[in-house]
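The structure's right below; bear with me while I get my questions together.
Letters A, B, C and D name the chains as they come in the text, with residue numbers starting at 1 for each one.
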Amino acid sequence: MNLHEYQAKEILRAHGVHIPPGRVATTPDEAEAIAREYGTAVMVKAQVHAGGRGKAGGVKFCKTPADAKEKASAILGMSIKGLTVEQVLVTVAADIGTEAYVGIIVDRATKKPVFMVSAAGGIDIEEVAATTPEKILYVPVDVRYGLPTYDAMRMGFFLYPDVKLARGAAKIMQQLYAAFMASGCSLAEINPLVVTPQGELVAVDGKMVIDDNELDRRPEIAALRDERSEEPSEVDARNANLTFIKLDGNVGCVVNGAGLAMATMDLVKYYGGEPANFLDIGGSSNPEKVVNALRIITADPNVKAILFNIFGGITRTDDVANGIVTATKANPLKVPIVIRLTGTNEEIAMKILQENGFTASSDMDTAVQQAVALAQGGK
Amino acid sequence: MNLHEYQAKEILRAHGVHIPPGRVATTPDEAEAIAREYGTAVMVKAQVHAGGRGKAGGVKFCKTPADAKEKASAILGMSIKGLTVEQVLVTVAADIGTEAYVGIIVDRATKKPVFMVSAAGGIDIEEVAATTPEKILYVPVDVRYGLPTYDAMRMGFFLYPDVKLARGAAKIMQQLYAAFMASGCSLAEINPLVVTPQGELVAVDGKMVIDDNELDRRPEIAALRDERSEEPSEVDARNANLTFIKLDGNVGCVVNGAGLAMATMDLVKYYGGEPANFLDIGGSSNPEKVVNALRIITADPNVKAILFNIFGGITRTDDVANGIVTATKANPLKVPIVIRLTGTNEEIAMKILQENGFTASSDMDTAVQQAVALAQGGK
Amino acid sequence: MSVFIDKHTKLVIQGITGRDGSFHAKQMMEYGTQVVAGVTPGKGGQRFEGTVPIFNTVMDAVQATGANTSVIYVPPPFAADAIMEAAAAGVSLVVCITEGVPVLDMTKVYPFVKERGVRLIGPNCPGLITPGESKVGIIPGRICTPGPVGVVSRSGTLTYEVVYQLTRAGIGQTTCVGIGGDPINGTNFIDCLAAFEKDPQTKAIAMMGEIGGTDEQEAAEYVKQHMTKPVVGFIAGQTAPPGRRMGHAGAIISGSSGTAAEKLEAFAAAGMGIAKRPIDFVELIKARL
Amino acid sequence: MSVFIDKHTKLVIQGITGRDGSFHAKQMMEYGTQVVAGVTPGKGGQRFEGTVPIFNTVMDAVQATGANTSVIYVPPPFAADAIMEAAAAGVSLVVCITEGVPVLDMTKVYPFVKERGVRLIGPNCPGLITPGESKVGIIPGRICTPGPVGVVSRSGTLTYEVVYQLTRAGIGQTTCVGIGGDPINGTNFIDCLAAFEKDPQTKAIAMMGEIGGTDEQEAAEYVKQHMTKPVVGFIAGQTAPPGRRMGHAGAIISGSSGTAAEKLEAFAAAGMGIAKRPIDFVELIKARL
């Protein structure tokens, strides 16, 4: 789960990181009022889960409250990478001397959280990694010991030759690490970490991505989810305990298991089609899940055919068959459906489907080819 | 540093352990008022750094506030193992079903904090260890991982077959461990941990010993020191940065280094004398320390002779000589002094001492024999 | 022969009385796995299905029954502790089926099992099966048959699909291992490839990877350097968009890294057979036996 | 020959610009120790006494100078981090002089150095000296002389006393090691006994213990089982009262355990020579050479 900049900054602030004052506004008037309260130049920043906000015109410097109102008015409602800006952060503009990058991710190779720091901050770190890798220092952290001071200092010195700044940066590393661990992050970054002309260290932008598996035990973090900033069908699917990702094709896919779901999409493509989605109904064989899956998929007007691919292990295929029957009785399908079922209780499932006017095969390749042809208007 | 029961309990309570309400009283009237406020039977418990308070009559059950006043009156001012009771804890008396022991110490052999738990609580755990060792479960904790739930549960089940109580106890283990680590303990125990007839887990007595080396970085714990409950000469020595332990003999010893100080005491004994103290002036050769050491030692009327044993490594023996001269000029000695010096700047030191009317040798055995003879009134 | 488990495997099931645990306990017992103990705190002393003794702790179970392998069916918040409990209790193999274990928990669990020399498979995996001898986890027994192919995969149902195709074509398996779809897991492709290389019964290996991470690339390098046996590979997620987690926490393309294309390139460079579709495994493996 | 350090030892000094660090740096340099680097954060690029390069981190120092040993003179709150920094930077021996390191810090530091295979001596120790070759720590060089006796001790000045007596009697030392007086330290008696047993120059060992703990008892057992060379032992603290910490954090009799009497008994049972007084070492060692 992505946090908004303002949410990440609040968490970092709670861990002691120095962050310029800021508050969220949902209207231009609010933005103006906040700017007036601060009585200084502010930044107005679109709060959406998308990179490149600056380039898209979603981040503006405002000298006066009236200016803030005007800029907020332009940004609110703007669409950035398909996401509508519903709120802006109005925050005191920091004087910028130098900009550094400080981030932590969970690294698969070392199986540890790994710090990445670079004096080349303010820009995309992947770009720095690709073009000037020597400008990035990587420091893995053994969570059993936490981030030792010596490693924090090593990063501090990598960013700043001056010992006072190095110590200050080391402290921020430890605060960032604490925030990362306490919030269940898979990524946390400060970019840029700014040294002001007065020699102060300030976090001007912050980002956090939370491991979805942490949300159950961290209700205070889970509560930060902003469903307005997500694809509605994906929100709907999540609330129905389905894993769903919307894509641009026209073959709607319903599969059990993530690997098989990806393989099914790939096979759609292999046979010349385009998948409309990734959808994993998971291991449980609750007919309700099938009903929800059909509802979500058929809500997409692009979908021209529906493909079920179920390999019954834990999943009972008769449950899936029953789900299909129930769902289509309540809401008759407007597009053709192709069903592939095999495994646990296959014979019962086939019988249920036949009795209700569906046909089904047990071969994956055949089913996919059929679905692709149907979506393309053939048969 | 030892904490009082009431201090240890406050820390445990802050970590979530269920502790009966209690407050400290320094007068019988206060004790009565507290008992009245609680409106139930209370325990009045002497707060001194000594074991066996119960046997000494320092712990009493009181049915009524008047009873509490009377018992507090008897306990306050009482002397337990040479320590005067200055305050009592007045605490709600818990109904006691069963009593268990739960403790953690830092174990030298495993180099880890080790839990000791036993269903045979309420009595001295060393006695249990000596007589029925099978009644104690030892569980070392790897601080890199903390106390895992499974180990806490293992201890819980060792104490209570009932899963609800086992879970409750496991939670208390984790709270105790957190308190132990957060306070810099070398020992923390709950004894007894009581199951009330209603099935509740309550910590009826608590004890904590803090590693002295933790106090600098834990000012809030250091502030709990109760100097009234310590030997005044030891308080004086600590404030002068000396390590001093009062003993019962008559040869006052001033030595640099803990090992050599013990060896010197042992040698006093070897030659038929009795050391009056352990005193380590440490590695620094600050003359002020010598002055303080002489002041503290000569304040003990038992001391009949003073023995200096200084091996100059880092310690400059001339600094020690100057300290002796300064101290004895300000406060002429009333008992004989024997000085052994060797090592760094030995010749200068000898000269300083001779010019000021002292004699000194460089041989440890000779010096100790002299001092013992002088203390025994001979020469 | 086989890898990791065989008919001598003595299994303890953590969470044996839970919904998933009890269902799969029965499945494993029916398959012939030696299920010697179960663990559910508070149910120590009872018996599962009237036969398998239940204990309060894994340590009790191991001491009483000599179990050498554990399988875990406990909810995600308790899975990390359950893995560490098993490793500390002295089993040599721990298989964690649980899906949804926080990855930061795994950063702590991983060194814990490593420093004890315990093999962890999973979490978020279907477990493993040595057809005809023992199954530990949830792989349906009836789709497998004994034979010469080692199967290793990051996925569950996709593995079933491939194994089912192999079995239908008359190609049996030595052992099928699902290593799980999480970013940090206990056993990776290389561990399994090395084990299959050593196993005299295994003649060829089917390997099913996914987008995300670099495990497949490293496995390909390993194949190139160390494997004498033929390996056929497949990558799921060629149509996955970057930056989106495709169900599995580990199946995510970060920036330009972890794509199916680069993994397939690594396979090709290692001289591996490449299955474009799951069904392709049948012919590719057959040609290599 | 010698143990742990010799003339090839390349030393980095952590805290070289502090009061104690700078004093002892000069002493070690005068003694002939190869002091190749110092570390003080913020003073990287400067030189100590115009010669020894100073670095901001131990890693920088090791990379630039090839230092293989570190000695630590930093205040107690920073000592644990300093030890871990040295161990992580790749030296093989870390000597921590600092007194007053919290024992809970050591419960974390100990596994850290162990899993890196780094030897830690101390904390709260005088360090070690191989007379005529190298000294690392604070043992006064002039009281030592080369010879056949290995010396190991939990104490500082008591060691000096004994070494001084040996030297005066014409008995030299291979290496003198102060392992420190804290309850948890990196190197114990057994480690040193084993090293002396292997060292061909060492012909006899003088060992000075203290009250507290069971290190001396285990060492005695080790002597009995594994040592072919004669060992003479001494225990300080025969007159110490139970329950009181005698200066050293580790010198404390807990209940009835850790007394001088039980340690001396263990020495006797192991057939060791027993020095009742420090001076007794001279005759006892002489008789065994």
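Keep this in mind: a residue touches a chain if its C-beta (ideal position, glycine included) is under 8 Å from a C-beta of that chain, and two chains touch if they have at least 3 such contacts.
Since this is a predicted model, take the numbers as computed values, not measurements.
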Number of hops, chain A to chain C, where each hop joins two touching chains: 1
Relative to chain C, chain with the most remote C-alpha centre: B
Selected interface, B-C versus B-D, where C-beta contact pairs are more numerous: B-D
Rounded Å distance between chain B and chain D, as computed from the means of their C-alpha atoms: 28
For chain A paired with chain B, centre-to-centre distance based on mean C-alpha positions, whole Å: 56
Intercentroid distance (Cα basis), chain D paired with chain C, Å: 49
Touching two or more other chains - residue numbers and ranges from chain A: 144-145
Sites on chain D at which at least two other chains make contact: 108
Category of the chain touch graph - line, ring, star, complete, other: other
Contact pairs between chains, per stated definition: A-B, A-C, A-D, B-C, B-D
Complex contact set, residues of chain B against chain D: 106, 108-109, 111-113, 126, 142-144, 181, 184, 186, 211-214, 216-217, 243, 245, 247, 255-263, 265-270, 275, 278, 280, 283, 311-315, 342-344, 364-365
Chain D contact footprint on chain A (complex, rising order): 145, 148-151, 153-154, 157, 163-164, 166-167
Touching residues (chain side chain C, partner chain A) in the complex: 23, 76-77, 99-104, 106-108, 110-111, 126, 138-140, 143, 153-161, 164, 181, 183-184, 208, 210-215, 234, 236-241, 244-251, 255-256, 260, 276-279
Residues of chain D that touch chain A when the two form their complex: 41-42, 44, 56-59, 78, 81-82, 84-85, 88, 108, 112
Of all residues in chain B, those that touch chain A in their complex: 144-145
